[in-house]
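A, B, C, D, E and F label the chains in the order they appear, each numbered from 1.
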């Protein structure tokens, strides 16, 4: 039996959630932007004062969470009630670490919203550093935790 | 001296490319969706026939390339002239490999368009497989090649 | 007395549905793309394998359902809970037949969402066939059925 | 040989127009909204004064022309330089007739922009009349004329 | 203690309203477009008949109310249930006066939706008059009234 | 003779600029957010460190410049080549002053882009301060300067 719930008779569809209850849902995702030395340097030099690159990327992530239903074809449009995106520059590990937590009261979950926020925040970091270093790489874009709904809680194992 | 060209006096801006010539630019990026066994299984079972998951993701990637200027705050809106997104399911490596090539005739390059296409295609794969397996991970989202413009050609080293 | 509920004192407005209850609503619409012989031929030749034209159009229809509130000025933005778009190529009748069913739990119905999904799916079929045949025509874009809300069920007569 | 230029090896792509010249392109399309008697009546009664239904639909059509690249997956985003949408209420023929002419200076044509403008204008007429009459039907959505580009002029035959 | 609820530890976020009740919210805002004599003249001459400039601006305001969550980074996306925009040309006062009232049933208010509707309606008036007179000015863009939610009613003082 | 170039025979249209040359255009606009004492206080307290309210508003302004063609119905979509938005908090004058300069190489000017950037930046300031003070007011939203195109340079008089 197929586990691809977005497909019926081999054709994609938006899964019908009309009969499900609207309950509180949360999801947290993460991503890493791996930096080369010149990118670490550029971020160290430029990342002081107002409006630093990480703030731009944080805002881009929040805005992207609201656009998820437009970007992922079979996602339901959800009225998100909270979006929290955090970026930490870890120079000694040569990376920027991103986490995003999104909430809604809806019939389906916000995993894709949290992941999309991380992805666009990471791409925005890339955009601002690409003049200094084109070799950046985005890795570990993945779900950390979700709660709410019939399938209940899920946590990434260690 | 700061190498963060998107910042002037510590504040973000869209870089002024008014004086640059509009020339042909191309960029290719890639991403990997690392699959767990149940995701490999689901994709193998469901991925036959019309409208399979990879086709949905491919289209999502093409559409996303056109939305890059809306998603990445300091990107210029570019009239892209070509967008080619390819997804290959590599069951024996337990992953889906994605590449995107974007072209334009413009004052600035399309690296972000190629990367955004890969990211949204990868997230769409995730969306369709998440009922089978939440532990998927997107990695190696990075630029492979760019050409055109004053900075010329760039290729990821081996 | 005017029956144009979108107008008050001769001026357009978004009808106030604040006092209505959010209940389950469904709507089904259809459209036909009438094909010329060369389009029938092109579709027959190209419509095998993954990612055929009808899959692209189907996805375009689902995405369009989510954009209805942006496209139709006086429509309410609705959190749709299901969108199902189906395209059937009927070569012997020289046409593609499209149906779309949309659902929501909201204060107002989803007729426009179902119609918009059909229209954009039909236009996408046109786009992919226009190199082969410019004379295509979209006809019979119309509502087939709606249910839910105070005005209750409606079915197109025979 | 396949005539489906949007497909390569069975997979959809945005056709590469990078090597084509940007020249003046124009396209004109039309659509008809067939009205039932109660819709003719409602439009006759309500269609006087400022802000009548046809003006709302006309504006919706102009705005939709600008959104074509977002709606039709494999369309190129085009910087349109003119959009002219006209709606005429023909009560004695029980229909609204819509035409749209769009222009651009680009590497590819604006047929889809003209068709999309007509479709969304027609759907907007439907939206405003649906409280009076759900049986409306949109027909004859089709290209009338195009000019510019390598494939040259095309006119719908009589 | 900071009163900037959109900031936590100095970083912007979308305020978490998950625990709040969805209740009826309304907000009314206003704006003024101050006209120079040639703009008064142009509007007087052109503002007769169907589709006059104020109707275009009114519709732009309604559409903008629906886009507020996309435009204002930390705003929640809200399913608005009513949007009413009114423009009055006051030639003797050399201005266009705009008011917008928006309603929703949600966890947070619609002040920004009403203000955004007024702002975009005012800018649209500007756009249509700028060929006649570039010196136009938009002033008094402000909230007049809000009701609903825990903070209750608020009215601009005299 | 009507000076409303957006209207022909009393109906709105997007002005045809197909025959005009694409040349460099620039426009600068400004706006003021008038603050009440509690808003001055909140901004003074919260506006230190990364991610302060003015940075959020600045970014919102840049993003809005790119959305102008979607928001203002009869505006042409323009490929902007530069967008620079600046916000200055002037506590002793109890206001935030905003300026935006936008450039393009196109057939028509970017006045609306500069004005829209200022308007959305100002509304974003309002959004972040509204919990502290609802009485804020946006004033003096107006064009300061434009250059390029057949109509040439224009400067606001003193």
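Please note the rule applied: contacts are C-beta pairs under 8 Å (C-beta built on N, C-alpha and C of every residue); 3 or more make two chains touch, one makes a residue touch a chain.
Since the structure is predicted, the reported quantities are computational estimates derived from the model, not experimental observations.
A repeat of the A-C interface exists among A-E, A-B or E-F; more than half of the contact pairs are identical by residue number at A-E.
Rounded to a multiple of 5, the C-alpha superposition of subunit E onto subunit F involves a rotation of 180 degrees.
Of all chains, the one whose Cα centroid sits at the greatest distance from that of subunit E is B.
In this assembly, the C-alpha centroid of subunit B lies 31 Å from the C-alpha centroid of subunit F. Taking the mean of the C-alpha atoms as each chain's centre, subunit A and subunit D sit 37 Å apart.
Residue positions of subunit F with contacts to 2 or more other chains are 11-12, 50-52, 55-56, 58-59, 63, 67, 70, 73-74, 79. Under the contact rule defined at the top, the touching pairs of chains are A-B, A-C, A-E, A-F, B-C, B-D, B-F, C-D, C-E, D-E, D-F, E-F.
Listing the residues of subunit A that touch subunit F in their complex gives 50-52, 54-56, 58-59, 63.
By the touch criterion stated above, subunit F contacts subunit D in their complex at residues 11-18, 22, 69-70, 73-74, 76-79, 106-107. Across the complex, subunit C is touched by residues 2-7, 10-12, 31, 38, 41-43, 45-46, 48-53, 56, 59-60, 63-64, 67, 70-75, 111-112, 115-116, 119-120, 122-124, 126-132, 134-143, 146, 154, 156-157 of subunit D. Residue ranges on subunit A touching subunit E, taken from their complex, read 24, 55, 58-59, 62-63, 65-67, 79-86, 103-105.
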